[in-house]
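Structures follow.
Both of the next two complexes hold chain A, though its partner changes from chain B to chain C.
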Partner chain A sequence: MAYVSKSENSYITTSLLAGIRADGRSPTDYRNISLEIGVVPVANGSARARVGETEVVAAIKLEVEDVGEGENEGRDGGRVLCHVSCTPSAYPHHSLSALDELSDELSSLLQSILSHTLTPSEQLTLVPGKKAWFISLDALILSDAGNAHDALFIAARAALWDLRIPYTRGIEFDIKDGEVVVGDSEGIGRMIGRKRTVDFELPDLLDDGVPLEGRDSLPVCISLNLLPPTHFLDASLQEEQSVLSRLLLFFSFPQPSPTSTLYGTRFIGPNELPFNMLKPLVKDGEKYARELAEALNKKLKQEESQVSAPMSAFG
Partner chain B sequence: MFTIVSPAPRGDDLEYTTTRHHPSVKDEIDMDIEEQGGEFGEGPSRLASPGETITSAQAFMRGHGTYVENEDLVSALTGTIERVNKLVSVRALKSRYNPEVGDLVVGRITEVGPRRWKVDANARQDAVLMLSSINLPGGVQRRKLESDELQMRNFFEEGDLLVAEVQAFFADGAMSLHTRSLKYGKLRNGHLVMVPPALVRRLKSHFYALPCGVDLILGLNGYIWVSKHVKQSEQEGEEGFDAEAVYSNKNDDIDVATRTAIARVSNIIRALARHSTPLTDVLLVEAYDWAIDQDISVKDLSAEETSEAMVAAITFRA
Partner chain C sequence: MNRPELLSSYNYRSDGRRPTEMRSLSLLLSQHPQADGSATVTHGLTEVMVTVFGPRESKNKAGLAHDRAVLSVTLDVPVFSGVPGGRRGRSDKRNMEFTSNIKNTFEPVIQTHLHPRSQIDINIQILQADGSLLQAAVNATTLALIDAGVPMSDYVCATTCALHDSTPLLDLNSLEENDLPNLTVAVLPRSNKVTLVTLETQLAVERFEEMLKMAVEAGKLVHREMLRAVQNRSEKLMRAIESVGGGVGGRPDHRQGEERDVEMYAGNDL
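And now, the complex of A and B:
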């Protein structure tokens, strides 16, 4: 279904080529991002992100799973399942089947990027070979005013930042001369010598748990909207409908080293992307993604200090 | 490049002291409150949410936005409660466009059907534009032919924007539009800004040419077309009606200064809409001059502080 007329399309593209956007931004300007963590009280981690008028809420629930071989069984090192729901209010012109299709597409994208960055992780193993954490991340696109991909990843990243994994203590059975001795081992389950951790318990602590390891190097998504010979960031809905080609880049920046990891790329649109254009685009994308990741980390740290201050007073 | 902020705290202020009424209605409401006081209280109007019991149905009559349940008058909407004598109604805080005959609207074609187009005009139902209610090529007013039916997409196709007038209503409440005037028709050379329909008031004319070389069409449905200024003589053509030009999809050449002016005007409209300021041409010209005076870039106009300052400055002046 067409949302822009031919004349609008040509007005928008010619303006973009002249470097003028409908709302006065420069091609690499992002709209204001607003970010809030801990918005869902019953979730283990949650966040709400807005990029302009695009709004996404993400929430995480943690579960303990038995480790096994099956499709829906846990894995050593944890398992991640992402699900994105696109609300009909965000896409009033989509049919229900088109909404499902879009939700599935975004779910698999989020899943493929996050499951590789989050798992396997020592932190998500409870009892090796027996129990592991299962991270279930649900995101809800409340409104889409363009650039839903970036907003989705910002929300997911902030929810993972907000995630607290409860403290657990492994219970060990020490086998000495056929005699079974029950003991404790601090921290997350492990196997040392003849000691075998067979179960875990939750220490009765008021503290809510430990944050995810490496949460400041979680991936960000940056969408480059391609209008050869230029590209621009953070397209509004009208721009998105006029310029159909987009290159999504998923970058992660391990701290504190200055390197970066490209976790994935996705090309969306009907046109082809010449191979020789890809390299400079990835380079530019890395620059933007680094700035975005740094800005997000700074904001999240600041947000957390604000949230945790009254909490510790209470505890 | 990236600005990350915390969301603005939500206002717990539920008093809508700024609800304005037409003077004649206002007198009646004031009188009522003075006479009866009591139940609906004085001062600011009360807010109702869907399902909330407003009052007893025996003493009052149900108006728009309310229904009767178990002898109680219940609100069907979120909005302010209004009462004129015994009639209680709820006016929605946010609603779609409520069409009236003679209104000027800007709409977008969503579907091409048999002898008609479906038009999205921000109302509850899609509007209908009949093939018989557009200007057909050939200059003179004439009846539609079979050949016209076969080339409907040459006039309007899906996605096209048009300006039209509400002509009548169908039995199901959908509006019927017409473009049988030289001022109406397909839109080119600009872009669309959407605001809540309540902010566009009925004015003497909805076509404006701002002094900065920008034309405005304020659709009563909240769709506003901001485009390059076209001289009156060029617009009408030499023979009065030139189908080729009227249904063209090609933009004229637009220079950078005009594009910037269009972007500036659009951002001003968005900023005013965010502060729920009803739009008029005088206000827009004032705001444009203010932005030029203060030397504010187009982008900064969308910043919260700037738009606040602008709204304060121009509503003070007006």
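And now, the complex of A and C:
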């Protein structure tokens, strides 16, 4: 791993100010992004993302939880728990405690952004007031060659895209003149008159479930590396070490409408950010994020049409 | 549902294999862009990636040895991998046992005296688990160490073997591993030695020798595949060096092995 000396630092920053980068990219170019979904067959949804040599694997396990008030109990509308682990292979010079710290920081970032966007959702409620889905998303940073944040969100987004929520059917008890009649309800967890869904069952279907609603408008992360008066995207490891200030923007683009939603921002780095710079930065960030989100959606759709068939072999 | 039949009366296992048939094996070298050496080993649905850094200066001066290199092994088991038991911390007992197994297996094989006062980091990353984790981890570690150019006296090839009634089964999946007495054996194929034998359940002594023999035999098969993977990797490196060294005379003879990555399957009966 490279440590950047003073002269290297000035070499990198002066050329960046002139819009020149060591690998020939323009300041707003990403390195090659590659994306695979369904890489972990035992998970409910999984993806591997590579941005240049940065590699992140994300996978999701679904569980059914009882709804309750406690810390570790389910919520109506579902619950999300994200965990990022930075592996020692990605950060060979970090001590194990430093790795844990870094993992916690990224976990809380991912958690705060994703739990807002994913929950509460009707789709994640099984039986209102009783059972709900619990989405446990785990991401592994296998190698970090710069810009781990963007890669992490790309992987998480793709894993959520790949997620299939099993079909469920509510079971109802209808009380008629003291006699209990058991029947099915249409749809998930609906109350009609005196009928009340009390439990659910899994219909025996070969198909593996329904995709997440609104998966094409999940947030993307754009890190703007700030080198006033300019900024650049997708820093390599050396660039990351010579330019320390970063503004992370999380955008989501609800599909039919042309609007965008800003889900969060985070400023990282030792320098301060002048207030009047913020607005143009957010505007530029939105433009990049839109391009990235569109490209990812297109790639994911294409990827999905390729891998959908063979999984049914596992029953 | 009944418990699945581990070996049918027609001598087929739950996943359709014969008793001595191994799962498809794939060995990939140098997948990791930053590590000094790395390997990804897949036995059926079990997938393990190992990265090696070093020999290098140690972060932890206390654990240093002045006459040899020390090994530092870490293990990461993500929740989605399919290992039961939820999230594991770094100091989890099961992790510690696993890493110390790896350490003890490789310490006698690596020529540690050549690198005094240094440390070799071995990071084991489980990606998917379907039985025989230790076997996959040992095989991946061997390849990663070779890829990093760490001097070793021999390959270390691991296999698992279980006993169903009186039939030994090779290369177990998680169903078989949970239900049958099984042992993991790490073989040094050239010197015909064994560096690791683990057995956690009870077993009739008369059967042990047969199982051990079978596992050692299977280890030699794994060795052959490893040799091929390493050879392919070296040839690829040679070609890369030649192509940089100037186009004198060209390199027309090396065309045949030009596939990108090394991937192979050893599914044949022993």
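One rule holds in what follows: the second predicted complex is superposed on the first by the 306 of 315 C-alpha atoms of A that agree within 3 Å, B and C clash if a C-alpha of one lies under 4 Å from a C-alpha of the other, contacts with A are read in each partner's own complex, and residues count from 1 in each chain.
Here, a contact is a pair of C-beta atoms (placed from the backbone, for glycine too) under 8 Å apart; a residue touches a chain by one contact, two chains touch by 3 or more.
These numbers were taken from a predicted model, which means no experiment stands behind them.
Visitor: Aligned on chain A, chain B and chain C: do they clash or fit?
Guide: Overlaying the two structures gives a clash between chain B and chain C.
Visitor: Using the touch definition from the top, say if A:L140 reaches chain B (first), chain C (second), both or neither.
Guide: After superposing on A, A:L140 lies in contact with chain C but is clear of chain B.
Visitor: Tell me the contact category for A:A289 with respect to chain B and chain C: first, second, both or neither.
Guide: A:A289: touches no partner chain.
Visitor: Looking at A:L126, would you say it contacts chain B, chain C, both, or neither? Reply first, second, both or neither.
Guide: neither
Visitor: A:S95 contacts which: chain B (first), chain C (second), both, neither?
Guide: Touch status of A:S95: second partner only.
Visitor: For the three-chain arrangement built by superposition, which of chain B and chain C touches the greater number of chain A residues?
Guide: More residues of chain A are touched by B.
Visitor: Classify the contacts of A:H83 with the two partner chains as first (chain B alone), second (chain C alone), both, or neither.
Guide: Only chain C; A:H83 stays clear of chain B.
Visitor: Of the two partner chains, chain B (first) and chain C (second), which one does A:A151 touch, if any: first, second, both, or neither?
Guide: The answer is neither, since A:A151 touches no partner chain.
Visitor: Quick one: which of 128-136, 146-154, 272-280 or 290-298 on chain B sits on top of chain C after the fit?
Guide: 272-280
Visitor: Residues on chain A in contact with chain B in one complex and with chain C in the other?
Guide: Correct list for chain A: 1.
Visitor: Which part of chain A faces chain C closely enough to touch in the complex?
Guide: Of all residues in chain A, those touching chain C are 1, 40-43, 46, 53, 55, 57, 59-61, 83, 85, 87-90, 92-93, 95-96, 100, 136, 138, 140, 142-145.
Visitor: State the interface residues of chain A toward chain B in the complex, per the touch definition above.
Guide: Of all residues in chain A, those touching chain B are 1-8, 10-12, 14-15, 18, 20-26, 28-30, 32-36, 48, 50, 238, 288, 291-292, 295-296, 298-299, 303.
Visitor: Name, in rising order, each residue of chain B that touches chain A in their complex.
Guide: 1-7, 108, 110, 157-161, 186-192, 249-251, 254, 256, 259-260, 263-264, 266-267, 270, 297-302
Visitor: Quick one: which bits of chain C touch chain A in the complex? Just the residue numbers, please.
Guide: Chain C residues touching chain A: 32-35, 38, 45, 49, 51, 53, 59, 74, 76, 78-82, 87, 90, 121, 123, 125, 127-130.
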